[in-house]
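Look for subunit A in each of the two complexes below; its partner is subunit B in the first and subunit C in the second.
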Partner chain A sequence: MDARLRRVNKEIADCKNDRSSKIQLELVDDSPFHLNGSFPGPEGTPYEGGHFEVDIRIPESYPFQPLKMKFITKVYHPNVSSASGAICLDILKDAWSPVLTLKSTLISLQSLLCSPEPNDPQDAEVAKHYMTSRSSFESTARYWTHIYAGGPDPNAKDGGKGKDGQRDEVAIAGLEKAHVNQFEALGFERGKVIDVLRRLNYRGVNVTKITEDRVVEELLKP
Partner chain B sequence: MTVNGPQIERSQEDEDVCRLMQQEEWEVLQSIYPECSSADISKGSIKLEIPIELGGTREVEIVDDGTLSSSAERLEDAGPSCKIVSQGLAPISLSLSTLPPLLLDIVLPSSYPLHSAPILLHLHATHSWLSRTALLLLKQKLIAMWAEGEGILYEWVEWFKSGNFLEAINSTEDSIVCLPHPSPIRLAKLLASHDALSAQEVFSHMSHPCAICMTSLKGSKCIRLACSHVFCRPCLEEYWGMAIREGGIGQVRCPDPECVKEGIEANEEEVRRVVSEDEVKRWKRLREKRDLDRDPTIIHCPLDFCQTPVPKPKTITDDDSSGWNRLRTCHECSYSFCAYCRRTWHGPHTSCAIPFTASFIIDYLAHEPGSSERLLIESRYGKNNVKKLVLQYEEDKANREYLERETTTCPTCEVKVQKSHGCNHMTCARCKTHFCYRCGTKLNPSHPYGHFSTPGLSCYSKLFDHESVEDEWQPIEGFEDL
Partner chain C sequence: MSDDYSDDDYYYDEDEDMMDAEDDDGSAPSDDDMDMEVFDNDFKIPGKAVKKSYEVDAEPLSQAQVERLMQADVDHISGIFGVEASVASLLLRHMNWNKERLIEKYMDNATAVNVDAGVALAEDEAPKAATNSRVASSPKFSSTGPTRSTRSFKSSKVKSPSPKREELFVCPICFDDTQTQTMSLSCTHKFCASCWNAYVTGKIREEGEHSIRCMAEGCALVAPDPFIHEALGNDTATWTRFQGLLVRHFVSCNRNLKFCPYPNCTYTVSCPAAATKSALLSIVPTVVCGASPDHKFCFGCAVESDHRPVICAVAGMWLQKCHDDSETANWIKSNTKECSKCQSTIEKNGGCNHMTCKKCKHEFCWVCMGPWTEHGTAWYSCNRYDEKASQDARDAQSKSRASLERYLHYYNRWANHEQSAKLSMDLYKKTEQKMEEMQITSELTWIEVQFMKKAVDEVFKCRMTLKWTYAMAYYLERGNPKELFEDNQRDLEKAVEDLSELLEQSIEPAEIASLRQKVTDKTVYVQKRNEIMLEDTANGFLEGRWEWNSTVDGLD
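Here is the complex of A and B:
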């Protein structure tokens, strides 16, 4: 049996036996080199209560080459692409070492959720949001955790049950309803308003910095 | 054809026999000395790491070989005996029962052991505790030990392992082992700590978990890096080998997360212990290139045992063209050397003994003006310096070409002689040697013209540089009118 297969089998078995870390590994198809890993969102973060799934591909020359990982679950995080789930983490690149394992790498992903690195972003828009208004960023991340990762409904206690099942595009984009309504009232399409305001990072102090004219100018662009 | 047929067959048969003999020898070696051998015989190359056990304690004396203390002597010139090395510090004496392992890189030719000896690619002493001269001598001895038709690897290992080889490099009669080294204090520390380590532990007999393949292996199959992390050889071989092949030499380091975080890379000795000779060379080349890209002024300390990267001192400016800007001093071992020829510092006014400069000036001239390669060389050696050297190089080159074209060298004293007129029989004005100006060979002084009058010799009838003898006697214009 080749060394890669032996090691991967051992790792999968180790993970199964260890229940304390709450890291799960499952085969996607018949190949032991394509896995689905998952872990709970870390406590005390906007990701708490969510269940995050990661697509794992084990390269030919594993463990000498890093694992290929990306989030299947959508995550709102500066170091994770909100569109593709691609992850910016040093140990998946230059800082990889063959002593790292499936489990330790997934644990590193979990701790990446605790401590974002906005200065080395994978998703620039999310990183800007994080830098501009931490509280707004966190509520958006929490909302994403709720709708994509099965986390608790952040609005549940406010009695927002009525809209259950309906996804709030404004909250997904991390914007304020009032701002979106304001520009929509000028006669622009709602989807376009959300798109522009998200791109302009129309949050926190930026709301006073970015003039209405600037926003309208963007909205008028084809 | 009938003659050739059986011969080819026989040599094919020989090769098969050799292959079997090699296989057998290797298996025996591995079972007797599992801790010495690594690498795969099927690849044709063998790596032996042989720890030296002196069988009880022996006196080891480390003497200063003068490389660092005196600028006149070079390491290569110093013999293995202690007599030459009287200058410098007093010798340091140690009582040791082990010495750091010797590393042997061997290739077995297909006709070994029947018709040829193993090829010794490399012989290296861990911590460079043996001088280059001693290693050369040992290499010769090793080859001499081989007798046609016999496997020699076992004897080689035994010879080293037992410490018997020390007699071959020790000129003194007594049993004191004398080791010349550029920095006795440094070496003494290394030897003592190695001895202490091997005395208290039985590394090779214990089993060690390898964090890469996640299995436990006997110490003989493992390697302990300088940071004291242990991995199995096959894993490190594959990891570093792959990194070197693919150019990712930043990966050639201890894989432990702590060491990765620290960013410490493997040193030359560790790399040498793990990968093949070719890979070591490639690794060194790539590392040099990368260091150049990072800081073009870095030069690795030229001493084998040190190799510390030495940057250009901040006090040197780019326009400084005095000889002093060639001076580099290693902050690790305090060796002072010339940045051009990488030899012991020879003062600001003496030019380098070996024209190393030519190699980088040729490199410089090969690139476009203003190119990044040129800027690199300029920043490394100083712009004005390079300018001066280019002028000097071009002048030297023109001189050399002129001498090549216009002169003949005296076969005895090597003075360049230029003929202004007359015949090709030359007598050197300096040493009185008779020689032929055409071909530069020595002539018999009592019979110098034989060279030109013997039919069949290349200079026959070429005493004068004319097409034929007839041309010699062309009528002088206007002569007949007289």
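Here is the complex of A and C:
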């Protein structure tokens, strides 16, 4: 049997037999070389309670070439693209070793959620948010976990503000409602205000550093 | 002691006699070349044995010769540090073959260098409880006694049936427990030989990697060459590829060397004269690799294989400009034009600019569309952007329009010569037919009809020169030197067009002898004009005679 197939089959079987790790693997189509991996968000992080799915492709020269992985579930994390799910993780690139497996790589992804590396970001805007205000970042990540990964509603405990099932674009962008309202009141379109404030990283201490004129200047750009 | 450290970037000079030695894989001269040599004497311009100012001293090196240079460095370091050659090689590669820096850093902290280069493990990562393995740290490599082991890695056969049951080996990569051969670096991370083979092969073939780390996660040890050789087994093709990668890396680390850019070529050219940026402001280092006389390339840039007479910086500026303005200029490149008299479409074929409309028989110049009668005789001004004549027109137009027209004037001629040069290839095919005809219809031998081929070659060569003279003229500041430059350009252009036209003529058997004489004479003349063009321009660069109307990168 083809060495790659033998190894992948064994890895999938090992994963099925091991119930302690909570790492799951499913075949996407009939080929064992395209998989859907998933794991629970690590405890004690904003991702707790969420269920994160990862698209896995096993390259021709596996295990001598790294697995190709990207998040299917949207994740708010400095090392994951908020748009595409692309992951910046060294073992998926240069630091790959043929000794690593599907399971160990998914566990590494899980622990990446515990310990972001904002200095080697995949998503620069998210990384800036992380660096500027940790608490604001965490509440945004928690909100994303709620709406995209089936996590608990972060607002539920403080009285259930916000209607159920309706997505709050301001919270998705990690902004303050008051700030968005402030510029919307000047006559700018809400979507554009959210876009500009997110790009400018209008959060935490930055709010005092960025003048109103600067924001308006950006808002006036076509 | 200091002698050991004194050699500089030019270190390969010390191996001159070694390099002069007949190299084993140099290509033998083809029999064509031998014949051409005899024949070439017809075309020799007397008294030109000295190196011309537009030529540069360069030496082609075969892969084997470069490997010997590498080996000399490896031996040198191996001797000074008292380490195995394979270790010295890894150290040099890690330091991009900078011997001085390696020696300096090694003297400062050998352990750190060894760890950085992947030769030894950091102290805290050294394998523990490994009974049979030596501790992989730097002192191991500095032992120079006769007992020095030749290998820093282990390759072993698991005996089956093994006397010790627990030694049943399951490779952590392929999960195969039937593999009997294992290999490990001095870190003792053991994997089966077929996994090593697949890994090393992939690194070399797919990634072009010459620094191959241990397969274990986080292990930074780099496999030395003998280990790679062993891992590859009898796959000599991949081993050869690996050697090639090493040579390329060595060459890329040395400013005096450049790898031949032609596909699949393994030759290198050494050209210390063109190793610095400032040198490239006064010379055009067109070099030829030792594999084939067709492997001509510029040592200084990747703009074009031979952009003489213009220097790299100006050639690059020009191409950038052409690229930026390509949309406006695109229409010029078209292969067809309309006859200026009857407006019927004429397709240019062959390299000659003397066009005759098939319909109305109007003769005109392809470049300026003016009647040919004014070109063929005494007055030929097609190469010049006649500032006076266009003065009136320009006054009426805006400045930007004028500068576009100025650009188009040069671009037009530049592109035309390029296109004509390309069409010379068709001419070449036609010429070969004619040469065959001649051999049948006349007494001439194969060698005697070579004058046609030689003439086509010369036309091609000169069109390439002409092409770049227009790029240069575009940037030349007005004044005496530019006028003389354009005089030379015009003389060469005229001569090339005449010869080109001669070659397009149909052949009458009765006139072959006189045609041969005419073509041969014209070829010699064209060759001479080209020499003058190249030589004078090159001298101008060396003398700093050329003045530019734009800022040339690197010049004040």
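In this section, the second predicted complex is superposed on the first by the 220 of 222 C-alpha atoms of A that agree within 3 Å, B and C clash if a C-alpha of one lies under 4 Å from a C-alpha of the other, contacts with A are read in each partner's own complex, and residues count from 1 in each chain.
Here is the rule we go by: a contact is a pair of C-beta atoms (placed from the backbone, for glycine too) under 8 Å apart; a residue touches a chain by one contact, two chains touch by 3 or more.
Not measured: the values here are computed from a predicted model.
Novice: One more residue to check, A:63. First (subunit B), second (subunit C), both or neither?
Specialist: both
Novice: With both complexes superposed on chain A, which partner does A:99 reach: first (subunit B), second (subunit C), both or neither?
Specialist: A:99 contacts both subunit B and subunit C.
Novice: On subunit A, which stretch or stretches are contacted by subunit B in one complex as well as by subunit C in the other?
Specialist: 3, 6-7, 10, 61, 63-64, 95, 97-100
Novice: Which positions of subunit A touch subunit B when the two form their complex?
Specialist: Contact set of subunit A toward subunit B: 3, 6-7, 10-11, 61, 63-64, 94-95, 97-100.
Novice: In the complex formed with subunit C, which residues of subunit A make contact?
Specialist: Touch residues, subunit A against subunit C: 3, 6-7, 10, 61, 63-65, 91, 95, 97-100.
Novice: Could you list, by residue number, the parts of subunit C that touch subunit A in their complex?
Specialist: 172-176, 191, 194-195, 198-199, 202-203, 206, 215-219
Novice: For the complex, give me every residue of subunit B touching subunit A.
Specialist: That would be residues 211-214, 235, 238-239, 242-243, 250, 255-257, 260-261 of subunit B.
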